[in-house]
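Heads up, the next two complexes both have subunit A, just with different partners, subunit B and then subunit C.
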Partner chain A sequence: MSDLRIIDIQKRYISAQAREENPFMLHPVRLAIREGEFFSLLGPSGCGKTTLLKLVAGLLEADGGELWVGDENLTNVPPESRRFAMVFQQSLLFPHKTIEDNVAFGLKMQKVGKQQRLKAAREMLEHVGLSGFGSRFPDELSGGQQQRVALARALVANPRVLLMDEPFSALDPGLRQEMRELLSRIQKEFRVTVLFVTHDRDEAFALSDRIAVMGEGKLQQVGSARELYERPETTTVASFLGLRNILGGVIENGHFASSDKIMEAAVHLPLSDGDYFMVIRPEAIKASENGQSGHARVRGVVQEMKYGRGIYSLIVKVRKQLLECVLTIAQAEKTAVGEPIDLFVDMKEVWFLKE
Partner chain B sequence: MKKHPRFLSLFLFIGVFIFVIVPFVPLIFTSLSFGWRWPDVVPQAWSLRAWEYVVNDGRTWQAVGISLSIALIVTAINIALAIPAANALMRYPVRGKWLFEAIIFSPIIIPPFISVMGIHLTFLRLGLTETVLGVVLAHIAPTLPYMFRALMISYQTLSTDWEDQARMLGAGAMPRFFHVVLPHLAPGIVAGASLSVLISLSQYLITFIIGAGQVVTLPILLFPFISGGDPGVASAYSLLYAAIAILTLIVMDAALRRYYQRNKATKEQAKGVKP
Partner chain C sequence: MWRKSKPYLLLLPATGAIILLFFGGIFDGLLKSFGYFPAIGQTDLNLAAYERLLSSGAFWESLRLTLRVAALSSLLSALIGALVAIALFFLNDAMRTKSPKAWHRLFQLPLTIPHLVAGYIIVLLFMQSGFVSRILAAIGWIDDIADFPVLVNDPFGWGIIFTYAWKEAPFVSLMLYPVLSRIHGSWREVSRVFGAGNWPFIREVVMPVMMPAWTVATFIVFVFTFSAFEVPYLLGVTYPSVLPVYSYQLYTSGTLADRPEALAINMILAAMTILLGLVTYYFSKRWNVLKGWG
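For the complex of A and B:
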């Protein structure tokens, strides 16, 4: 097995000024990425995700820690000898080389014969849907095509790990969708291990087997998309994933009371007494009770209604707290901005976390 | 709006014509005339005497050879010096960067005569005067700044991402330089080399002082004819000098174009095949 293991890799600021506050650019990170896994680093800009990627690549030198692939220690191996490949935000195709020569570059560096490497390049171009483009030059291709070539170039030398640094963020949304599908298909076909950096949670959710949410130079939480979204461990993770309904409160004898007293309900999870944050996914709030038990009722005023892809998303003001919920079109048509509304929070669907 | 550029280009053309083309006319006339005097507008008698003298004199071709070889050696040394210098100053956080730049640019700020006097004394002690090597070394001072400047700008526009990308594809230091850095620097190298060659070709004072009349380049050969000797021969030499300078520029430009054309040829082919 050749899993990628990151053992306490860290990076400190070089500049002296930062020393007093927070000397870490990247706090020690420990991660194991399985062979063939699609693993994403998700976080806002400046959270250290690109730093971590460049440390894994070897383009930045770590201040401590080790990097292993299988039973091979790569900590002190220079990037050109790690047999990793990387796709950057820009395609970075060599402008003076043809598409074919660009794709074959990695094999040329491995001293593969000309006929053989050009053949491999053509095959790889076919995989990314660009057969016949081999003799053109990079500036004759569109942005999306260039990024496909960059992907082909990265994969042609059969890398142990494919590192990707926000590779689709410079493309327009439609193209981004297309590239995600292409990448997903190719990743499964070649069973390549991918370490993918992005700030776009939809992108991470759509592509990844597992995701690490990063923030402030630390790994906040690692898990599958569903785990992260339904069971965030911290409010930082929850709010980064777009969960804005976070209520502070207290649990006593299996009963939750929010500190702003807008709701009180029985807790369905076996939790000990103490201070908690309740995270309510917008989908867990309904406009009618459906006759089921276990719903907590809150009354508020509709403050904003937005239509988006077949559903309405509403912002409802309950005293001082704003709650975000999604309603079907039929439900939304019964109400309007400024109208009072009764909301039912499905207590089986909420999540509690302790800070 | 559309007429403005046309007017401008006409104006430019007239300017170029008056200041660049016209001065060559009297040079050509003088070199081909026999006793061309005021108030004749056009020479009354024609003669190939000056050209025969220039072409048949063995010293001419020797001087052309020496001038060109000095210029080319100087340029090669400049490239070898300027690439690492520009790389270091543009890529690394060098302390006192301005100081290094000031030192490199000083030969074109300080009058050459001043530095040459000092160089001359040193070279006398080292036995480098009256040698081609001494002249080559002395020519580096006024030419290196131009090469360095051209390469510095080339490096400025070369993001390290390109090298990182090549690195991630398994390219070591040498392949990275030849496949990524050098192609990017090529236009800068040609720009710097053209200036370096032209400036080296036109050096009189430095060559005269360091070479002490033993290293005869074209300007050294030309000078006595201009300062009162024979205007006909001087004109012929001037034209020869201009021809060599222009030819060198054209050759270098063609070399760069050829360098890019190697790939473009296949590109044109591909375009032709495309429906």
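For the complex of A and C:
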């Protein structure tokens, strides 16, 4: 098996200004990425995900730790000998080379014969839907097409690991969706191991087998999209994944009471007594029509209503706490901004964090 | 009407002076090279001066020397200039946080020195009784300064070539450097990830990118050294002399009869310069070197 193993890799940036008190540091990272897996590093800007990607690529020198692919130690192998490939935020095609020559660049560096590498380049261009574009130059292609070429250039070299640094962030939303579908299809077809960096939750959720959430130079949590969303381990992870309904409180005898007294309910999980944060996904809050068992009831005032792709997203103020919930169009039509609303929280769907 | 023609009218004195002095001079030279010389009663046009020139051994000898000096000077300065530019480029890459400006200034220095002064520097450094030979004699590399090869005022033209190489290499490198600085920093990363070390990167990316500017810079150096006067006049020998010096020698030889030949040489120099320009343009188009840099 050619799993990619990152063992305690770390990096400290020495600041140009020595006076700067908190230089950025990537804390030791330990990760094992399975062969053929689509693995994403998800986190806000400046959290160290691109640094980690460049350390894996060998473009940055690590201060410590090791990198293995299968039973080969790549820690001190220069990037040109790692047989990795990378797609960057910009396509970074060479403007003086034709599309075909750009795609065949990696194979040329591997000393593959001209006929063979151009044939492989043409075939790969066909895979990314650009057959017939081979003799053009990059400036004759649109942004999306250029990024497809960059993808073809990365895949044609048959890399052990494909590294991707926010490759679709410079594209418009429609094109981004198209590229995600293309990448997903091609990754499954070629069974290539992908290490993908993004700050876009939806992108990571849509593409990845597993995701590592990063924050402040540390790995916060690793898991599948569902695990992360439904079972976040920290409030930082929960907040980054867009979970804004986080209520501090106490569990006593299987009963949770929020510290701002807006909610009291029986807990369905076997948890010991103590201080907890309750994380409520917006989907777990419903507009109430009749009393339902197993649901906690709250009453608030609608602060904001936003329409988005077939559902309404509401911000409801319950005393000082703001709760986010999603309603169907039919439910939303019964209320308006400024009006009181009764909400039920499905206690089976909430998650507790002990911090 | 007035608003439309106003800029042209304002430019008229300048364009008039250029047309009169530059094209007028060339036209006058052309006429005189055809033997038109009313001062000595010659008003008919003929090719006698060209015929005499093309059948004289001195002309061919001079042309050979001129081509050799120009070719070697431009080749040397192109090579040194490219090496310096690439070195500066990698230096900049390696010292991203610090400014390599001091190096830039050092390489810009020769540009500020006039050709005549550069010629004198080469004389002082490389003549047999010059600085270099004295140092070599002092440290015992040569027994006597007379053992130092004749590099200044030599028939081959080494002194001229050295002067131009020293003077024009920074020109080439400073023509190339802005082009190289357009190379995306991330291209280096891309090429490394795809398996290219330093040399493949230079071969595959740096060289093609700088080729158009390099060709043009080398051409400018060639044309300049091909038709320059003062350095060969200072550092060359009396015979054979490069074409511009030969033309000057003929023009100032004392007999008016030699003047059409002197001007015919100038016309040949001008024609060759134009021809070289066209050849360079043709090749730069054919190599597609400017493709994709829109």
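Brief remarks follow.
One rule holds for everything that comes next: the second predicted complex is superposed on the first by the 342 of 355 C-alpha atoms of A that agree within 3 Å, B and C clash if a C-alpha of one lies under 4 Å from a C-alpha of the other, contacts with A are read in each partner's own complex, and residues count from 1 in each chain.
Following the convention adopted for this analysis, contacts are C-beta pairs under 8 Å (C-beta built on N, C-alpha and C of every residue); 3 or more make two chains touch, one makes a residue touch a chain.
This is a predicted model, so every value here is computed, not measured.
Once both complexes are superposed on subunit A, the partners subunit B and subunit C clash. Legend: residue contacts after superposition of the two complexes on their common chain; A:Gly106 is shown touching both subunit B and subunit C. By the touch criterion defined above, A:Tyr307 lies against neither subunit B nor subunit C after alignment on the C-alpha atoms of chain A. When both complexes are overlaid on chain A, the residue A:Ser135 reaches subunit B alone and has no touch with subunit C. Within subunit A, the residues touched by subunit B in the first complex and by subunit C in the second are 57, 59, 78-81, 83-86, 88, 90, 92, 94, 96-97, 105-106, 109-110, 137, 153, 157, 163.
If you check the complex, the residues on subunit A that touch subunit C are 16, 54, 57-59, 78-86, 88, 90, 92, 94-97, 105-106, 108-110, 137-139, 153, 157, 163. Of all residues in subunit A, those touching subunit B in their complex are 57, 59, 78-81, 83-86, 88, 90, 92, 94, 96-98, 105-106, 109-110, 135-137, 153-154, 157, 163. By the touch rule above, subunit B contacts subunit A in their complex via residues 161-162, 164-172, 175, 179-180, 183, 260, 263, 266-267, 269-270. Interface residues of subunit C facing subunit A in the complex, by the touch rule stated above, are 97, 184, 186-187, 189-197, 200, 204-205, 208-209, 288-289, 291-294.
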